[in-house]
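So, here come the structures, one by one.
Shared between the two complexes below is chain A, which pairs with chain B and chain C, respectively.
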Partner chain A sequence: MSTATSTPTGTGSEPGRKPAHKGSSTSKRGRVQQRWLPWAFLAPTIVGMGIFTLLPIVASIALAFFRWDIISAPTFVGFDNFAEVVQDPTVRVSFLNTIVFVVVAVALQLGLALGLAIMVQEKLPAWLRVFFRSAFFFPLILSAASVSIFMRYLFNEQFGVVNWLLSIVGIPAVPWLTTPGGSAAVVILVYVWQNFGFSFLLFIGGLASIPVETYEAASIDGATGWRKHWFVTLPLLSPTTLVASVMAIINALQVFDQPYVLTRGGPGDSTRTAVMVIFESAFQRLEFGQASAIGVILTLIIMAITAAQFRLSKRFVFYQ
Partner chain B sequence: MTIIQERVTTTAPVVTRKKRDWSVAVRVVVLLIASVFVLGPVLWTLSTSLRPPSESFQLPPAFLPLNPDLTSYEQVFKQLNIVALVVNSALVTGLIAVGQMLTAALAGYAFAHLKFRGRGALFSIVLATMMVPAQVTIVPVFMLIRGVGLSDTLLALIIPAIPTAFGTFLMRQYFMGLPGELAEAAAIDGASPWRTFRSVYAPLAMPGLAIVGILAFNFHWNEFFRPLIMTISEQNFTLPLGLVSLQGNLGTGSISVVLAGVVLSMIPALVVFMFGQRALQDGLTAGTGK
Partner chain C sequence: MPGTNGALRQFTRRTALTALGAGIVGATAASWPRLTGADIPGRGDNSLSIAIMGTAADAAARQKVIDAFAKVHPEIKVKVQAIQAVDWKDFFTKILTMVAAGTPPDVVYVATEGAQLFAEKLAHPLDEYLRRDADHMKEYFADVHPSLVEAFMYKGSLFQLPIDWNAANMYYNTASLRQAGLERPADNWTHTDFRSTLAAMKKANPKDFTPYYWTNRLFGGVVPWLYANDTSFLKETKSPGGEWLWDGFYANDPSRSLRSGGYQWLEPNADDPRVFESFDYLRGLVKDGLGVRPEEGGGSALIGLFASNRIGTTPAGGYWVQGLHEAGMTEDGFDVQFFPKWRTQRHQFGTAGYAIMKTAKDKDAAWEWVKFSSSLEAMQIVFPTPNTTPARRSMVNEQLYAGTGPRNWKVFYDTLDRFPTTGPIPAPPQQAAVETALMKNVSLAVSGDERQLKDALSSMQRDLELALRRQP
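The block that comes next holds the complex of A and B.
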């Protein structure tokens, strides 16, 4: 566990540490004070989380078993919401879209990030390394909504810069935002454009922790070029790859801003995602029970994937 | 993650001199092409916002603003109540950032240096809440906000965002890096536990607090999903929401006006990028180590 700070001492847990405020206050009053004191420090966070995270989680699960449009009283419907949601063609298509999106976007994001991280991390003038690192990180500071706004213009079929560039190399205008395939491609490209920098940062950190001796040993054994990366970098980087892929998958499963601004889920349902159907069934159709049911299903999928990845990691991840 | 900078040079592979020169050139070219694809769209946005609206879709596109024209910026102030949007965004983002820094400092300190029953279990619960996607809790949170009569207010955006699991985790890590002996020394000097936190630990934890604040700023300034749900009337919109609705209202005729708004909304993020990039990178990747 690395600390986010410049103090390298803050590692691991410390159950053996002495009580912080022992000091001279062994009087009865001191002890009494010590009992409630931690709770005063914790109260804002614990109460806030109870109200805005824990309670909503319980409420969300409970709500999934009710039909409620917020206006009339809620009625208990058992598993009806789940049954309806699972059979709803829009919901099914949206989950399928989300899975395809996650597979393609995460593969692109990780591949791009890893390749660029390896290239940046090898011998390079320092100022260039700083420039490339900043450049690839830059899109992360922008809002996904703003990015989607200008990307929508760039991918315009008639006047967009992307089709203009393609026309230079002789490719006829691509109907990006008016066809199902084109729209899906734009959502993926825009998402990857903005988010690969995060995986890139993680890979940079992972590469920096591979000891230089390993490469020296490999080169004595005759490994050069891509063989060096295949046999040395990739195995030693696998803990980072695991973390990067878990985070990328969890984030991609929740994609909303880009498809909402770029396509509103269209044309048809071609770019509708899981979170978009939660949003629409709750806040446009006022079917809060169904929205909660979809949310519960999405959370279960996220938890299952996270668990599966850490299971797999025991077999494939190489820890030094 | 913080010691990246010192260690970057150690990954240099052992290659013969001639081969290295060639491969460096190839790598720089590939990396430059990648940078063009990353920065190009942003440069186009900037230079197009500096063109008159009538020329905004002109091809070949301009990537450098050679003859800057401010018509679009005048227009965006006329077509959109951008001052109100900026004020809303700044209020929401600023209050969330300050609120997160305060609550995370207090809770992080308690988890790191105060002893109480159930500390480990409680901290595990705090960490576990990080795994629950916000989209899942948004429906009950919306109802709660509506129930207490706060719907369509800025407070509906601010209050639920203040308790922060990630910030608490970061601050606990930071405080654990500070020795417990400081508290003992302060107690001997007669300082109360609150005084010890306030005057000894909190000032030393400022760099960690800055990371929490910068992360909160970056996330909530750009946030779209919650404002879309929690606010209804235009006077309560934040910048991203206002810009998306402006894009919807205007046709494709005046895209430079929309882009002028986008550029304006990017300025605070750019300031953070220039002065807090290191802290932002450290914060984003914190907790991902093995």
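The block that comes next holds the complex of A and C.
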């Protein structure tokens, strides 16, 4: 499509010029426009991503091979940072914690989101559905740091509301934030509470896209209750489950705010996560090279897990 | 009229696009100072940029000092930048980020926690200025206890002048103490007296009452107990040097012989039997329900809880007084006593003062600010209420605590006079890593059985070795 040739008030309508010549000029310009205009529109995004995403990624990878404390000039150390990181017991524990956290938190997040989505979509009247969609999504828009500060008060051993409620039913005070088990439980609980709303919305969308006829056919075949969900809902929801699980796992691998504010990674290293160690290495110990090395390792792990998920999805995901 | 409509539509679209383009260019031009960081205090002009930890309100509160400074030095323009932070570690992180961004402030208000990090990497020594202005500075040093000054000595040079400070004394709720049938503890009360006091308080007060609340921090946590037991989690030594300062300003001070070129913490000491003994004592308090199991970095609600009579005792400094007053506590509702004695009655303190950055554009101007800030005039403007303990002895007086309490406010400065070996927060240049190594093991150490305590201290020793091995 050439807008130039179809415009009667085109700028090339000079007296004495042959129409053919004029048409050739405008179509050439049109071709040039066609070629470059998309790039012109894309340029701000490309430049933005280049400066704020690509460049930091490249710089971060390069930094992993240097020792740098911000203040002095960086020195090249080869793979020393990676070797030190691998040998550091705190880093190893934090990665292990992160894996355990991902397994438990993602399972809870997806299970809770799916269960509530089915309940809201099938059992509730339309007006209540709207309310719960907003209500379950609401925690996600809150700042994780603010939520964690608030939760810290709730779970305080001496003065927290949670222990006060437990005491009413005769349960003694639980040291939520000062024992390894209690801390891990609170971090997972707070994280899942704040994040399951997003998976919930995805599942709501997925459930709405399953044709009613499929359920009717299943009913005619004699399927009822849980069998209907097992043989119809779950298989047809599998593309949504794939997307929800990929996003949940990537997010959970990067967990930082909740453990940092709630427990500072303690007691001991019981709630220290991979991203916390990156933060501590860089901004507390001023070892930006080591922090980058940990970041590179974490990125590779995230990429590997995501690739494995998509590979497995060929066997477990059914598209209508 | 389709042609007219088309032309109008085209004109409107073009006008809109032109307006949009002009708007973008205009907005970019208008926000240019922000985009280039030229509105960052001290950048883009010659003013002296000063970073303090706090809020915009804290920066505004300094305006009176800036005005007073401007009268003395109209040629020096000053901008104060308040940086919000959870704690000093967080504040230093933000300063380092400013350094990395190429926008370091010229002067930074630094507490003991970061004094050696700044001295090692970022700050400019004050030695030459102090020698030059020795006559002027004599009045300041005569009013400030040498223990505070020594905390800012590093390898024989002085990097900051103490402006305010706080020791870990013991606050107690007078009503809870009376309820337990007890009088004010003696000045030389011991750790066993303290335990008995807690037990009596627990017995006499409601079930949800906590006799001893303590936090898991570098200041006021486990360290005061270690100091009282004549030990620490790091081996403390002192570097030589500093005679120029001590002979010049403290030649006649009774504690002159104790002074040095600065503290050094080069090795871990968590495997010292006395460290085990101190932790075991605290473990006993937790086990018997006399003290809380401390959360890492906790304590933000402490003032409110203490003011509502739910806590019997807690270690804190003079900075607490104004907070308790504002929380509604009357001047007779609380009081303060020295920290209990064990093998010694050495206290822990933290202090703070301005450090001139190596990168400061005009170090002479920065020194004028540091010098003015240490004057009686400036400090009286900055500390109108007892929200910290001023470094100047003459300012810690009845007038400062009138209407707020505590009745025994003299305890604050007497701590330094009565116990001249009282020492600063152990904070080597690797402070952040050291603090993490300590904090992460404290809760475990005091929460379980003896085996868990031993494991936690072994872990602390290993973590401290790693932390100290690293270059700051």
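The criterion applied here is as follows: the second predicted complex is superposed on the first by the 274 of 320 C-alpha atoms of A that agree within 3 Å, B and C clash if a C-alpha of one lies under 4 Å from a C-alpha of the other, contacts with A are read in each partner's own complex, and residues count from 1 in each chain.
In this text, a contact is a pair of C-beta atoms (placed from the backbone, for glycine too) under 8 Å apart; a residue touches a chain by one contact, two chains touch by 3 or more.
Quick caveat, the model's predicted, so the values are computed rather than measured.
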{"item": "Which of chain B and chain C A:177 touches, first, second, both or neither", "value": "second"}
{"item": "Partner, of chain C and chain B, that touches more residues belonging to chain A", "value": "B"}
{"item": "First, second, both or neither for A:263, with chain B first and chain C second", "value": "second"}
{"item": "Which superposed partner A:90 touches (first chain B, second chain C, both, neither)", "value": "second"}
{"item": "First, second, both or neither for A:285, with chain B first and chain C second", "value": "second"}
{"item": "Touching partner for A:70 - first (chain B), second (chain C), both, neither", "value": "both"}
{"item": "Touching partner for A:124 - first (chain B), second (chain C), both, neither", "value": "first"}
{"item": "Touching partner for A:159 - first (chain B), second (chain C), both, neither", "value": "both"}
{"item": "Contact residues common to both interfaces of chain A (with chain B and with chain C)", "value": "70, 152-153, 156, 159, 283"}
{"item": "Touching residues (chain side chain C, partner chain A) in the complex", "value": "89, 93, 96-97, 99-100, 121-122, 208, 210, 213, 292-298, 301, 305, 310, 430, 432-433, 436, 439-444, 447, 456, 459, 462-463, 466-467, 470-472"}
{"item": "Contact footprint of chain B on chain A as seen in their complex", "value": "1-10, 13-15, 17-25, 33-35, 37-39, 41-42, 44-49, 51-57, 59-60, 63, 70, 112, 116, 119-124, 128-129, 131-132, 134-147, 149-154, 156, 159, 161, 164, 193, 197-198, 201-202, 204-205, 207-212, 215-216, 219, 224, 228, 239, 243-244, 247, 250, 253-254, 256-257, 260-261, 275, 278-279, 282-283, 288, 291-292, 295-296, 298-299, 302-303, 306, 319"}
{"item": "Chain B - residues contacting chain A, complex", "value": "1-4, 7-8, 10-15, 20, 23-24, 27-28, 30-31, 34-35, 37-39, 41-42, 44-45, 48, 57, 59-61, 102-104, 106-107, 109-111, 113-116, 119-120, 122, 125-126, 129, 131-144, 146, 159-160, 162-165, 168, 170, 173-180, 183-184, 186-188, 193, 196-197, 207-208, 211, 218, 221-225, 228-229, 239-241, 243-244, 247, 252, 255, 258-259, 262, 265-266, 269-270, 272-273, 277, 280-290"}
{"item": "List of chain A residues in touch with chain C within their complex", "value": "69-72, 88-90, 152-153, 156-159, 175, 177-180, 263-269, 272, 280, 283-287"}
